[in-house]
Amino acid sequence: MSVDLKIKIGSMVMKNPVTVASGTFGYGPEYAELVDLNRLGAITVKGICPEEHVGNPTPRTFETRGGMLNAIGLPGPGAKGFIKKYVPFLKQYDTPVIVNIWGKGMDDYGTVVEMLDGEDTVSAYEINLSCPNVKEGGAAFGTEVDSFSKVVELVRGKTQKPIIPKLAPNVPNIAAFAKAAENCGADAVSIMNTMPAMAINIDTLKPELANKFGGLSGPPIKPIAIKLVFDAARAISIPIIGMGGIFEPEDAVEFMIAGATSVAVGTANFVDPGTIVRVIDGIERYLIEKGHNSVADIVGTVKI
Amino acid sequence: MKQEKTTVIEHHNFQGEYRILRLSAPATGPLVKPGQFLELQVPRLAERILRRPFSIYQADESGVAVLYKAVGRGTEAMAAIQVGEQVNIIGPLGNGYPEADSGKTPVLVAGGYGNAALYILAQRMKKKGIAFFGGRSEIDILLVKEFEKLGWEVRPTTDDGSLGTKGLVTAAFDPWMNQRGVGSGEQGVENIELFVCGPNPMLKAMGDRAIEHGFTAWLSLDKNMACGVGACLTCVIKRKTENGWEWARCCKDGPIFESRDIMWES
Amino acid sequence: MSVDLKIKIGSMVMKNPVTVASGTFGYGPEYAELVDLNRLGAITVKGICPEEHVGNPTPRTFETRGGMLNAIGLPGPGAKGFIKKYVPFLKQYDTPVIVNIWGKGMDDYGTVVEMLDGEDTVSAYEINLSCPNVKEGGAAFGTEVDSFSKVVELVRGKTQKPIIPKLAPNVPNIAAFAKAAENCGADAVSIMNTMPAMAINIDTLKPELANKFGGLSGPPIKPIAIKLVFDAARAISIPIIGMGGIFEPEDAVEFMIAGATSVAVGTANFVDPGTIVRVIDGIERYLIEKGHNSVADIVGTVKI
Amino acid sequence: MKQEKTTVIEHHNFQGEYRILRLSAPATGPLVKPGQFLELQVPRLAERILRRPFSIYQADESGVAVLYKAVGRGTEAMAAIQVGEQVNIIGPLGNGYPEADSGKTPVLVAGGYGNAALYILAQRMKKKGIAFFGGRSEIDILLVKEFEKLGWEVRPTTDDGSLGTKGLVTAAFDPWMNQRGVGSGEQGVENIELFVCGPNPMLKAMGDRAIEHGFTAWLSLDKNMACGVGACLTCVIKRKTENGWEWARCCKDGPIFESRDIMWES
């Protein structure tokens, strides 16, 4: 029996619904010795802004019960650096590349797209409007529908490629953001970014992260992410890329039943780089076992 | 770099709180360079998910061994690992020590598990030299006989004086270094090459001396890690560049850095 | 050496800073054989509204990685039933009682206070404005500052006893709610209620909870709660009751360093009913070890 | 009700996938009434935190035993429990079965681990009667000899006919019940008293017969639990009242309910 794992995000065709969560897979080469990059539905690279950015001081991560906090702070080579250092490498693979973009101010979001848009290797943009770890603004954009919409519109005006706003989880009304994204011409939304969080060392009295706060990721947030995906799915008809604590194929399937067309493996890469392939194979096995022909057969099928 | 499901061949107390874990790892073993490390997934580690990094203490065609100390949740849970069970590792990781300069006198400086990390280097180096090992007490000075068997001269120091010179490792190293003097040709300090593995203050102390006296010191940095492969940007340190500094990843660009390249943070 | 564990929430004196999270300790009798109720700083009982309420169908809870979801739906005997069935029992103890109150509509919040206020055994009210598991409104009040403030003002007008609004975690600006509570005359705020969440069975395609959604509690949410407490503490000068995943004394101390004057043990009661006493003793031990004389010495001492 | 740190005295396979775990529990053991249960904290249960409920299979002054089947994460992790290690329990919990009516013929009906839950009842009942045990296959019919030794007549049924009557437990119970007939005095069905423990469909089938034929049936309900002590309101079922129904907690108000009190949900 054969099933069709292919899905589409706007004009981007993914050979299967599984990508990686931005920031957990570097820019591609880092895991290339351990993971066959041709197997992935898409490679999502770490956040890129127009200029080189230095990120936060260390410690940048901290392990919590069952998960982790990070406040990496979006260090990166900037758009030019990315094109020079990583595009030649990424070109070698038969896998679409989603570039996660961010800006210190509104304009940056347009600028970075202008700088990247000429590269065929760049298949789509994921717009990070929800990073809890940079002071410059990312987070604020993600929690007010107005400024959120402005950024999405701005990016929409700059490119024909698919654009995928990434939503913040710490809002009471995720559906409003999903709907705004759809109205502004987004091709999909990503749900969710890390959850704002903090840990304090009770001996030193200092936060465990140099940045004081960070984002919680991994298994602890999965039930939160499933709820957000479900809420968003009922409000929009564009696809959702679901993520948050996906460690097993069953987690990915749960996201899809909740309403995600595609899923991203994040923190699990650190724990077991084999997760991505295991998840792809597991989704296929689930579809076969349940007698489905395509991914669409299970997306949003939760019975309520 | 491989991800390998290994089988535990040997696991026992070594000395004090140090234990040795030997793994059958035919994919990983042959690739190992001295100074590289593994990311080990601790079986039955409750409530924590990340791997733990360990220097490779021994390696051959058939596998690898690590020598570790129980310091926290993960390393304590490792005590329950049984011979015969499966342990998942990723390795070898990191750059490893460079080829030693055959024109120079190799000097090893280590503290704590650093001795273990340097053992495989000592084994594989053609030229033998002198090793300074520091520790809190006699029980923390590892592998003296093994290094001596390889032809190394070992000079231990302990904080409490229970073995060798009393004091920090510098209490033995400094007199030796001063005796050699600067500019005295083959014997001069500028003609030694240091391979250092230990706690950060020791690394910095050795790096400062290297810069001051003009010799080379390869330092193995110990920074908390998450991915171990260069993807997450957790483990960065400041590396000097022409115009200032850049972040370098201890797991990928390191853990071995030359002292002149490091910009120490206070 | 002796330390003073006493704290005050408005006019209510607690012999130590540790209470229980509403809904995880019944109305008092349930754990009385296992826990000495005289040891507690205060007993916080399950949510009470004016009339008897039936709550949600089953399944009402579901275990997730490291934590749990619940959608109990606030069943309860109503104010009269509470007074009849539980007040005589609670009277026996030398421990203040915080009654958690909720309403199907705004008026209920006033009504339930009117019904309870004559009871001396009721020492304070925790106002549940953030239960994710009742359709009737609780949740909505907690995520809009205006309606939130109206409820707090209404309750303030009905009683001289301490009132403690309980804040919802799924907002981008917890400080605004904390500040609103303070401005409306609240004596303290509780942070946090459970996080809206969901789990779906991938074989039946049905949500694991009969109510579809529920609230995530336990260790997974602790880093989220610490951040919320920290944010709120910087905005207000009334005390905070911190909760979310407190399982060990060190967790409680972390909340206090983040800014909580008091802490509540919730899900941990199910796992180990000895947690409360262990936490009380552990806080005392920490204060002694660090050379402090009182709880106030550590509240909000995080170094940033 | 106690919370007790117990020590494992015995832990072994019993039959098929059923295992017996015996605990030294001097605080808990003496308090046990038949039909009560424990909330057991599974050691080394990764990623899950709640206790698991188990009927008490045996109890005496020195401790308690449970007979359990591995069906999921928690019960599978229990397999690794070692003799001598500590296991934390809360118990005895729940109401337990009432005193049997000495004027009636006691009948036990059980499926799966239900046999275990009824064993301590059978032991302590003065009057002995007949026991109907259902299971998928021979391997699922537990303790037949033990019940016989206590003086009970055992009638097994299996889905596959590998032991006793082929079919559900009703395939043996119904003919027996019909044979007694209604209104035939001491022998009549209205003069039997059922003690039932097993899967919900079995409970319901027995409850329906009890109501139809006017006999008493004490059913032990199995609902997922969180706290086990009546605090969280997870484990509720609908109990009939004069005007309708109310929630009753299986862990506190139950797990034993009389058939007429239960309002079954579809």
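Chains: A, B, C and D, in written order; residue numbering restarts at 1 for each.
Following the convention adopted for this analysis, contacts are C-beta pairs under 8 Å (C-beta built on N, C-alpha and C of every residue); 3 or more make two chains touch, one makes a residue touch a chain.
This one's a predicted model, so the numbers in the text were calculated from it and none came from an experiment.
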| item | value |
| --- | --- |
| Shared interface partners, meaning chains that touch subunit B and subunit C | A, D |
| Chain centre separation (subunit A, subunit D; CA means) in Å | 49 |
| Centre-of-Cα separation between subunit D and subunit C, whole angstrom | 36 |
| Whole-Å gap between the CA centroids of subunit B and subunit D | 59 |
| Averaged-CA centre spacing for the pair subunit C and subunit A, given as whole angstrom | 34 |
| Multi-partner residues of subunit D (at least 2 other chains) | 47 |
| Set of subunit C residues in contact with two or more other chains | 65-67, 219 |
| Chain-level touch network, classified as line, ring, star, complete or other | ring |
| Contact pairs between chains, per stated definition | A-B, A-C, B-D, C-D |
| Partner subunit A, residues of subunit C touching it in the complex | 64-67, 69, 139, 143, 168-173, 195-200, 202, 204-207, 212-213, 216, 219-224, 226-227, 230, 245, 250, 253-254, 257-258, 286, 301-304 |
| Sites on subunit A touched by subunit B in the complex | 23-26, 30-31, 33-34, 46, 54-55, 57-61, 63, 65-68, 70, 72, 75, 218-219, 267, 269-274 |
| Of subunit D, residues touching subunit C in the complex | 1-3, 41, 47-51, 88, 90, 223-224, 226-237, 247, 252, 265 |
| Parts of subunit B lying in touch with subunit D, wherever the complex brings them together | 44, 46 |
